[in-house]
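Each structure below is given as structure tokens.
Two complexes come next, and they have one chain in common, chain A, joined by chain B in the first and chain C in the second.
Then we have the complex of A and B:
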């Protein structure tokens, strides 16, 4: 090897390394810029920013018209209805998807006959590739009217008519579509891990007389836990940040869906942090609305970063006896 | 004879265990088994339903006129035009995003897999890419708007009447789309690197080639399929994203050029893509659902095409290996 070659090698390594460091710099830059531009909203509201207090729409309109709400600063904002909406949709969809994706992955890798498998695989890939705006459109065309006509009785509509109008665009629509959207990631990762379980582990279990289902349940699935955790975290991140579809199908009203309304609760509109940004933010970064939108973005960003970190910790702990992930 | 009677010949036939059938399982297990089938078939039906709905609605609304007319602001369906410029917009944003994402992602994957020193830095970069994969696209859009509205980046977009840079243009949207696609492309390419046999590298080293030459002349050519499918996956991610377009492309339907240089004026200006066209027509101010169906149909066709392309490129082998997130 010539000396010149070695020097060139070194140069390329440094260049590529600099690019890699650039990735970390980019993350820091994103964190700092979003947080700094959201800071006025946080500092004006303090920790109450996260708490309940009044109607989000009224607060946004006040910011828009530059006439502060009586007795408050122009930045007055209480994000709880949006945070509540985010929690409800995300947790609801992830819980359903966790069950469905695990069963689908088992079906895909263990039970499905080859022809069925040949159909199911592209289907999963397709569902992962469909843009969220098309999911939103499907929701508007099919699910919202169907729920409105078949599941919401007139009595139910009247029971909450004094606070909110029910028209089918609701928490349940958002959860159902969100579930379909996040399923593919979870199915793919779980199925991937299930196929990677060493055959000896399952044969050992089968040799002890454990039937096939329980072998899958107790041995394979247990080994696949790191992958399931990874999939769940990725899915949660996607559900948290989904703005377009939620804005289209969940009513677009920051109503604080109330579990005390019983089943009606599922048919009340919601708005999430992400869809709230989409609906209220008009592109002006340096206005009260702009600062508030960036504060909401900072909360999303922080949650996403925390999720990545949690996933890293969980997978480290589970990896010892597991595959995948 | 005192010799003992020879022991009876052992039965030559092996006792085969009965093949396990679900009928022998406890009821709970059988229910779970049935549930697996139900869920699997159900998922197929859901996908079929979505595709069928979009096809039926789309084909009935799609006219050739829609594909060649530019959208215009009008309350009347007949005068509001078609979506020719959104199609072009989608192509432009995808091209810019891919051009940004693929080289960076390939370089990243190369460094992570072939160099990766010091080790702790490689770990940090790896989790960094994973973190970027987890950032919601709407937050990336907010970040892009803030960054590219600096006067320094004024050449990328137009400015308002009072001289402030808008930070909204095809160029800006494309750049941020690039950031969005990097983790996915890098993960796919990285997987390609890991699947290369060791002997390729060893043979090249044995010939006295440097690491750089090996990577560039031996490894990268050997991974063309991985790079290609990473590219196509990245394109799919870019085409499907709406939040970035909505915030960084101005959310207007028709193109608004900036300046007067022929092609650059469109790139620096705002406009729409298929996704933002569907969004604004289905839910926003455009409000002509029929056109949204037609545009969504075109969008779905593109996505289906890309999907088929990925399957072809990976030779149908990658059953589950395509990860939708970052490399882990």
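Then we have the complex of A and C:
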């Protein structure tokens, strides 16, 4: 009897082990595939791949028609406008969301009456699961036309008409919707951590005569830092890899939005690495476009990996006095 | 005992996976290639063909160019070449072109800016960036800068627009916004009074379809050949199609419900 139980345990153990190994093997396989397929693009462009130089769409069209740009290889590609777009949208959205989500979580856990809290917290968690294409639709049907009609004057359009067209699909639309998209996960994680702060810590602070805001600021939030960091990393990863929503609301135009343009900057179109893959990659892998798309994917993968690593380091340092995360 | 049974079952399963396809795939798969414009249609047709006739291996379809399709059919590299351009007098002799479908686009503007008619020259001017303001376009009620919408690089509609209206050498202004699908292009123009875009025939609801060279953009005019912004899709064979190639071409041009449905999804069925 015992022998058979042991044998069954052993079998289950083997099965689970095989599954785990399978998952890891799959990840390695993906990494290798992406790197191997992206390599021709990197090796043809060297480190200039990451730099500025010309219009990305022109470069893609050249690859598509198999007619290289004069004086360049067929793989000629300068990703800076896409990298810049990715940085602008991701950093912009995450910074705004960090402030808003922290304040929202504080309100939900410390100030909101219990019934409100009971309703809102599940709603927030539910929102975290809404597919991004829904946000994209809302953006294209509501926000883009609204910005076009109400915020961008004809004069502003005319002033840059020879360089870029402003039609509402812009950096600001992308950041606003991206912020809304990543907020729920950040609010949920921060709120969870805030509720997990041992009451004794806050009571101790109150007993020392510290007022409520200062207690929240110095005790609760400090303790919740690992969770906030974890939420920020998750949100950054989602923002970094978001393709379909960005492609829908940001103009689909790899324009290097320029902060020196003043307010117009916010209305200039952008494209990110992820949305660029979506827009330009037709599905044929063994072509210059395919290799370039894989190279863009490799950069995204590497960024995501670095992000996870950084968050691991940061959380390890914060966890000593923290909860959650 | 149980381990042995598992082993036998696994081996049997492996045998099924390895042996059955080889047995079914006894015949050689058709090799089809050429125009990248025809590629998406041909891939769908090939998959549906194999789904209907399981015994016939799925034709292998690749892209390239119309010229590659024509030359490949002549050299024997392809059983069937795909071409999105009409036959030329310079093509190798002895080739047979079979028309399988038409491909075309409607130019659309916002409902509040119902431009009655646009000539090819005007559209070229607008999309190449030499006409930038609606006040320069006859019949336009909108004022102010023109917002250009195009499709992304992987789109067949984009390819059709470039080849039918712009021509090989004229480039679309880089300031044009890219949309990822016909539907998104449609809603982008529907939401922008100053917008202009181009879509497949099925996507003109909620926007204004502009007459092209004086002919209304609808399926009837496109089928009859009156409407100008269309092109033909061809299957090219060396001589009259024979054997498996003939079977496939006959199936595609037979006008059965499956091919009709596939072609009408984004193209114009003519059979």
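Rule of thumb we're sticking to: the second predicted complex is superposed on the first by the 319 of 325 C-alpha atoms of A that agree within 3 Å, B and C clash if a C-alpha of one lies under 4 Å from a C-alpha of the other, contacts with A are read in each partner's own complex, and residues count from 1 in each chain.
The criterion applied here is as follows: a residue touches a chain if its C-beta (ideal position, glycine included) is under 8 Å from a C-beta of that chain, and two chains touch if they have at least 3 such contacts.
Remember, predicted model here, so these are calculated numbers, not experimental data.
K.L.:
Taking chain A as the common reference for superposition, should the pair chain B and chain C be classed as clashing or as fitting?
P.N.:
Here the two partners, once superposed via chain A, clash with each other.
K.L.:
I'd like to know which partner A:88 touches here: chain B for first, chain C for second, both or neither.
P.N.:
A:88 contacts neither chain B nor chain C.
K.L.:
Regarding the shared-chain residue A:158, is it in contact with chain B (first), chain C (second), both, or neither?
P.N.:
Touch partner of A:158: chain C, not chain B.
K.L.:
With the two complexes superposed on chain A, say which partner A:192 touches: chain B (first), chain C (second), both, or neither.
P.N.:
first
K.L.:
Which partner does A:314 reach: the first (chain B), the second (chain C), both, or neither?
P.N.:
After superposing on A, A:314 lies clear of both chain B and chain C.
K.L.:
Residues of chain A touched: more by chain B or chain C?
P.N.:
With both complexes superposed on chain A, more residues of chain A are touched by B.
K.L.:
Considering only the touch criterion stated at the top, classify A:60 as touching first (chain B), second (chain C), both, or neither.
P.N.:
A:60 contacts chain C only, not chain B.
K.L.:
With both complexes overlaid on chain A, does A:144 touch chain B (first), chain C (second), both or neither?
P.N.:
So A:144 only meets chain C here.
K.L.:
After superposition on the shared chain, which partner residues are touched by A:281: those of chain B (first), chain C (second), both, or neither?
P.N.:
both
K.L.:
By the touch definition at the top of the document, which applies to A:248: first (chain B), second (chain C), both, or neither?
P.N.:
So A:248 meets both chain B and chain C here.
K.L.:
Chain B clashes with which stretch of chain C: 165-173, 183-191, 219-227 or 237-245?
P.N.:
The stretch that clashes with chain B is 183-191.
K.L.:
What residues on chain A does chain C touch that chain B touches too?
P.N.:
140-141, 244, 247-248, 252, 278, 281, 283
K.L.:
What part of chain C is in contact with chain A in the complex they form?
P.N.:
36, 63, 65, 132, 143-148, 152-154, 174-180, 184, 187-188, 191-195
K.L.:
Can you check the complex and tell me which residues of chain A touch chain C?
P.N.:
Going by the criterion above, the answer is residues 55, 57-58, 60-61, 64, 66, 140-141, 144-145, 148-149, 154, 157-158, 161-165, 167-169, 244, 247-248, 251-253, 269, 278-284, 289.
K.L.:
So in the complex, the part of chain A that touches chain B is made up of which residues?
P.N.:
Chain A reaches chain B through residues 1, 5-6, 8-9, 12-13, 16-17, 19-21, 23-24, 26-27, 29-30, 33-34, 37, 100, 103-104, 106-108, 110-112, 116, 119-138, 140-142, 180, 183-185, 188-189, 191-192, 195, 211-214, 217, 230, 233-234, 237, 240-244, 247-248, 252, 274, 277-278, 281, 283, 285, 293-294, 297, 300-301, 304-305, 307-308, 311-312, 315, 325.
K.L.:
Would you pull the chain B residues touching chain A in the complex into a rising list?
P.N.:
Against chain A, the touching part of chain B is residues 20, 22, 24-26, 29, 32-33, 35-37, 39-40, 43-44, 46-47, 49-51, 53-54, 57, 104, 107-108, 110-112, 115, 117, 121-122, 124-125, 127-140, 142-143, 145-147, 149, 166-168, 179, 182, 208, 210-213, 236, 239-243, 246-247, 250-251, 275, 278-279, 282-283, 289, 292-293, 296, 299-300, 303-304, 306-307, 310-311, 319-325, 328.
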